[in-house]
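In the two complexes below, chain A is the common chain; its partner is chain B in one and chain C in the other.
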Partner chain A sequence: MGTSANLILFWTLAAVIVGSSVLAVTARRMMRAATWLLFVLIGTAGLYLLLNYHFLAAVQLSVYAGGVLVLFIFAIMLTSANGDRTEPQDKRRIAPALLTSLAGAGVAVVAVMKQRFLYGAPVEGDTEINMKAIGTALMGSGKYQYLLPFEALGILLLICAVAAILIARKK
Partner chain B sequence: MWNFSVVTGWIDALLHRWMGATWALVAEFVIVGLALLAVYAVLALALIYIERKVCAFFQCRIGPNRVGKWGVLQSVADMIKILLKELIRIDRSDRFLFRLASFMVIVGSICTFAALPFDKALHAIDFNIGIFYILAVSSLGVVGILMAGWASNSKYTMIGAMRSGAQLISYEISAGLSLLVIVILSGTMQLSEIVEQQADMWFIFKGNIPAIIAFFTYIIAGHAETNRGPFDLPEAESELTAGYHTEYSGIQFGFFYLAEYMNMFIIAAVAAVMFLGGWTPLHIPGWEGFNHAMDWIPGIVWFFGKTFACVFIALWVRWSFPRLRIDQLLGLEWKILMPICLVNVVLTSILAILI
Partner chain C sequence: MIPMHYYLILSAALFFVGVYGFIARKNLLAVLISVELVLNAVEINFCVFNRYLYPQQMEGMFFSLFGIAIAAAETAVAIAIIMNIYRNLQNIDVRHIDSLKH
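For the complex of A and B:
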């Protein structure tokens, strides 16, 4: 794909992500905030697709859009009624909030600009990583392979699941 | 064997002769998108007609028989009717989410449909992660259903959405684990390669016992994922009017209806691709003449034949079994189906290492 087409896609996705993020924070109804968050997550998956990292895009969709967000929506459905709105934001908070977010954005921009990227052009990603390569990297025990962290995270998640059931169970 | 790369290659060359590379690509996106949407709509109409006819025969009726010969134009007439209907605005509903929900459901369904391999080279996009992409994108529909139930501001839709959320999330696990068996057997997630590997024999035959178990667990989980009987609790009409889409009218209801039928088709198509060899003909090792005769039937006929066979199973099950209760439904998944699937994955891994 041409560089210009790539840039158009990137800026469209970026606009969707930024716009939805702002709306997710400012929405007065919880359900709408969750919906805007969904668009942010889908947009991020789109960025991964643009970078040809299909595996991460699919993981993003199935874990965040299909898993975490569904849990959010479930929680909102169970705890609040349809007409519920959050309190309007305190006017005095605007200045500190703006300052904090600008500082955060500044740190991120400086970090990105200072980073020297391995493959040169950061916009074009032509190398699709093979699923087999990802699989062997995750499951191998050699150098640059991640079997131990993978298993450790698996056990951590299992502990979380067992603990959640234990808390939810009534004696 | 003749395949569609001749046609697609010709169109590609033609577009490149007329315009630059980028614009040719854009034009191809548009053409592929329109073709997929057209096939999507036509298949949905066909499925609605098939469902009504098959249901009628199961119940010893005739079914639609007035519009056109044997009533074949019935669903076209229904489509025109639904397009002309008024979109009712629900009082005190969240209008934005109400509208968005029907689109979410159908977008999830179309994205999944677009990645199916219909024939050799007749495949919109051949991801390296193929089957994982299909599982990931189809989970977007759940959000749409939950949103629809919430935004309608009605107790029936709310209960329907809660049931459907619980059901879809639970049965996604079994469906994923069943497909994992085939991924283990084939060693790849790319759909075209999975199909190619079944050219000598389909996975359901050469995958020993695990593949057969996985086929049945996938079919059961698939029926549950498409909200169809005996698992149609989210829209149990005797208790919840119509479940999560009670408040919808006109084409917005049409979107839910279309997505439901097409999800049934997609589940059947994935079953056909993963277990029954997709567009590869039936081959029996040793029977050279038979294999050669089978090669004469085009791949697209094989694909749709297998898919509609699986669709027929779905209809057969729907009109034969009574509806489950919600606790029975979730018990079936978590206590029976999922343990079977997990044991099956372990069994497949052991067999894959041994053989």
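For the complex of A and C:
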């Protein structure tokens, strides 16, 4: 694929991600905010595909867009008694929030633009990581392999599931 | 190849949109959605650094992978807490959650 096609894809995804994220934090109805969040997550999966991380794009779609968003929609439907509308925005909080985020974004953009990155030597041919390498790294216990974090994450997820049931159930 | 700066500036924009929402919104679920935006920005950064600076390794991808899993666990617990708050107070506005005991 040529560079210009990649650039067009990137700009399209960037427009989707930034536009949808702004709408997600400004939408008055919570259900619409959740829908805009879905578009941000799908756009991020597109970015992973553009970077040739195909497995990560699949995980992003199935865990975030499939799992986390369903949780959000359940929670919104269970907690929106008064017609799915949040109360009007507090005008006093918008100015400091805008100031903080714009100042932070300015600092981050200046820092990124001043930095000269030393790109690593590109991999020849296909840059996609094959599934066997991912599985070996995830299940091995050697150097640069991730069996211990994987198991710890499994225990964390179990604890979180039990804790969520314990917290959310009726007395 | 797309310059790396483009990705980093995109994820910085996403991050600070999330920060804006975290401060400005009052609905607890909207705050949680903003946190998800911030986490997404960080995960994009991990992948971009991995792909451009160390293309032979895959540590950044695994960090993103574990980050996604931890974000899912965190969302489950946060939503359980929000449901509990809603059951006790009948709304999820952050201004009403200023006392720990009832």
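Operating definition for what follows: the second predicted complex is superposed on the first by the 139 of 171 C-alpha atoms of A that agree within 3 Å, B and C clash if a C-alpha of one lies under 4 Å from a C-alpha of the other, contacts with A are read in each partner's own complex, and residues count from 1 in each chain.
The criterion applied here is as follows: a residue touches a chain if its C-beta (ideal position, glycine included) is under 8 Å from a C-beta of that chain, and two chains touch if they have at least 3 such contacts.
As the structure is a prediction and not an experimental result, all values here were calculated from the model.
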Notebook entry, point to check: When the two structures are laid over each other on chain A, do chain B and chain C clash or fit?
Noted result: fit
Notebook entry, point to check: Of the partners chain B and chain C, which touch A:Met139 in the superposed model: first, second, both, neither?
Noted result: neither
Check: In the superposed arrangement, which partner chain does A:Leu61 touch: chain B (first), chain C (second), both, or neither?
Finding: first
Next item on the list: Using the superposition on chain A described above, determine whether A:Val162 touches chain B (first), chain C (second), both, or neither.
Entry: neither
Check: Who does A:Ala108 touch here: chain B (first), chain C (second), both, or neither?
Finding: second
Notebook entry, point to check: When the two structures are laid over each other on chain A, which of chain B and chain C touches more residues of chain A?
Noted result: C
Next item on the list: Answer with first, second, both or neither: which of chain B and chain C does A:Leu37 touch in the superposed model?
Entry: second
Notebook entry, point to check: Of the partners chain B and chain C, which touch A:Leu147 in the superposed model: first, second, both, neither?
Noted result: neither
Note to self: With both complexes overlaid on chain A, does A:Glu128 touch chain B (first), chain C (second), both or neither?
What the structure shows: first
Check: Does chain B (first) or chain C (second) touch A:Ile17, or do both, or does neither?
Finding: second
Item checked: Shortest CA-CA distance between chain B and chain C [superposed frame, angstrom] -> 14
Note to self: Give me the intersection of chain A's contacts with chain B and its contacts with chain C, in residue numbers.
What the structure shows: 55, 59, 67, 74, 76
Item checked: Of all residues in chain A, those that touch chain B in their complex -> 1-2, 4-5, 29, 31-32, 35, 38, 54-55, 58-59, 61-62, 65-67, 69-70, 73-74, 76-77, 82-83, 128, 130-132
Notebook entry, point to check: Okay, in this complex, where on chain C does chain A touch?
Noted result: 1-2, 4-10, 12-27, 29-30, 32-34, 36-37, 40, 43-44, 47-48, 51-59, 61-62, 64-66, 68-77, 79-84, 86-87, 90-93, 95
Notebook entry, point to check: Hey, which residues of chain A end up touching chain C in the complex?
Noted result: 3, 6-7, 10, 14, 17-18, 21-22, 24-26, 30, 33-34, 37, 40-41, 44, 47-48, 50-53, 55-56, 59-60, 63-64, 67-68, 71-72, 74-76, 78-79, 81, 86-87, 89-90, 93-94, 96-98, 100-102, 104-105, 108-109, 112-113, 117-123, 127, 129, 133-134, 137-138, 144, 146, 149, 153, 156-157, 160-161, 163-165, 167-168, 170
Next item on the list: In the complex, go through chain B and note every residue touching chain A.
Entry: 21-22, 25-26, 92-94, 96-97, 100, 127-129, 132-133, 135-137, 139-140, 142-143, 146-147, 149-151, 153, 158, 161-162, 165, 169, 172, 188-190
